[in-house]
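Each of the two complexes below includes subunit A, the first together with subunit B, the second together with subunit C.
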Partner chain A sequence: MSTNVGIVIVSHSPKVAEGAADMVRQMVGAEVPVAWTGGNPDGGLGTSVPAIIAAIDQAWSEAGVAVLVDLGGAETNSEMAVEMLDAARQPKVVICNAPIVEGAVIAAAEAASGAALDLVKKTAEELSPQ
Partner chain B sequence: MALTSDQVKRLIESVAKTVIAEAERLTALDQAIGDGDHGLYMKRGFEAVLADLDGLSRKPLPDAVKAIGTHLVMKVGGASGPLYGTLFLTLGKELPAEPGLADVAKAFGTAFDAVRARGKSDVGQKTMLDVLGPVGDVLAQASTDPHLGDRIKRVATEAAETTVNMKATRGRASFLGERSIGHMDPGACSSALMISAVVDCLETL
Partner chain C sequence: MNEPIGTEATGSTILTHAAGLHARPVLKLTMLAKTFAAKIEIAANPEGPWIDAKSVVKVMAMKAPKGATLHFRAGGEKAEEAVAAIIALIDRDFDEDAEGEKAANG
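So, the complex of A and B:
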């Protein structure tokens, strides 16, 4: 298991999520655990709480997991997914207020340096207008 | 009020079937100012509820309500899943097994606050809260009004209508700014439909 912070990408569109994950891997290779999810439980545009939980499991690192989301429902469903994790895991998962593609790439680059979860989140969020 | 397992079943079935029957209307409202999936998503959530109807009705009322919330969270696939999920999960957590009107009012108030927190939103932003808020106020002030059911339905329906002239400042409709004015909020509409379905069904029990 990686000691670096993991990255999870949650988009309404599986294509956006997968594409963003490809861009992350191009930047950091296998140094950072990356997982993506997109689409509702029927495969249309949307997000799915069980799928987000599975993606967090897949990218799990004891250093924590930073989640990048796109629009409203992705954020709300991700918050719900985090609350449904084991109590011990919950504080180790953060949702970043950052653009999904750029945020994922810069968060992963920061994570690859061994940065702690707080710093990974902060670096991604510097991309957002304050 | 003590509900038998059969009554719980009828209540859940009536809410679920109402939402499913109105799915196209909800989707049409959402197509006007959102991403056009509200009816579809709610239908998927409440179909999961219907599929578990026998299991749900075997549970005590609070547990059944909580389980509805879990189905919605896991199945809906949009923001309405966690929002309605939070509403039902909190109601289930707060309601006693045999709730009186005061218990319902208190649980509804707590659930309203939980939805507000989940959506980081408040009344006046053209959302489901614009229906839940006024209905919660009626419940909180209710005593022994013999026409309480009618009053709740009227307030819920009128509250949904008031969202037509609101400008959305939360949710996908907020991206449209002024163009969100002139359309009813789909979440306000589904909330009013569900509340009316609960009242109608309770009156026949």
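So, the complex of A and C:
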């Protein structure tokens, strides 16, 4: 299990989510666990709470997991997914207020340095207008 | 970010990378900088403004073009090694050839 913070990408579109994860792997490397999820169970655009929980499990690190989301439901479903985790794991998952693609890459670059979850989130959020 | 940082090492080199300091080179530079405990700053001018070389967002915002001279200063643990390592990365053209192979195979 990685000691670096993991990254989860939650988009309405599986193509966006997978593409953002590809960018993380190619630009940052494999030392950061990355998982993605996108689309609803019927194959349309959307997000699914169980799929988000599975992605968090996949990218899990004891250092925590930073979640990058796109619009509306991706955020609320991610919040719901976090609430459904064991109480002990909940504080180790944060949703970043950052653009999904750039935020994922930059959060992962920070995570690759071994940075703590708070710093990973803060670095991703430097991208958002202040 | 322009207050003195207790500079113990400085260096500069010319950015030869064709695309300038775009996303991938910036990631490599900042990730390398983050492996050092020293405070490291980068500037396009020796007079500054000096930018935290560990910040992807700030270094990317420099938009340094090909041919720009990049200046570095560092203070703290292994400051000299840090500056030397970063300059070596730039002078190796960010190992982009190896990266291209990896991308093609991966």
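In this text, the second predicted complex is superposed on the first by the 130 of 130 C-alpha atoms of A that agree within 3 Å, B and C clash if a C-alpha of one lies under 4 Å from a C-alpha of the other, contacts with A are read in each partner's own complex, and residues count from 1 in each chain.
Please note the rule applied: contacts are C-beta pairs under 8 Å (C-beta built on N, C-alpha and C of every residue); 3 or more make two chains touch, one makes a residue touch a chain.
This is a predicted model, so every value here is computed, not measured.
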Side-by-side fit of subunit B and subunit C on subunit A, or clash: fit
Touching partner for A:123 - first (subunit B), second (subunit C), both, neither: second
First, second, both or neither for A:105, with subunit B first and subunit C second: second
If touched residues of subunit A are counted for subunit B and for subunit C, the larger one: B
First, second, both or neither for A:45, with subunit B first and subunit C second: first
First, second, both or neither for A:26, with subunit B first and subunit C second: second
Smallest separation of CA atoms, subunit C relative to subunit B, angstrom: 27
Contacting residues of subunit A [partner subunit C, same complex]: 25-28, 105-106, 109-110, 112-113, 115, 123, 126-127
Interface residues, subunit C side, partner subunit A - complex: 23-24, 27, 30-31, 34-35, 54-58, 102-103, 106
Contact footprint of subunit B on subunit A as seen in their complex: 40-42, 44-50, 71-73, 76-77, 79-80, 84
Contacting residues of subunit B [partner subunit A, same complex]: 35, 37, 40-41, 44, 73-83, 85-86, 118-119, 171-172
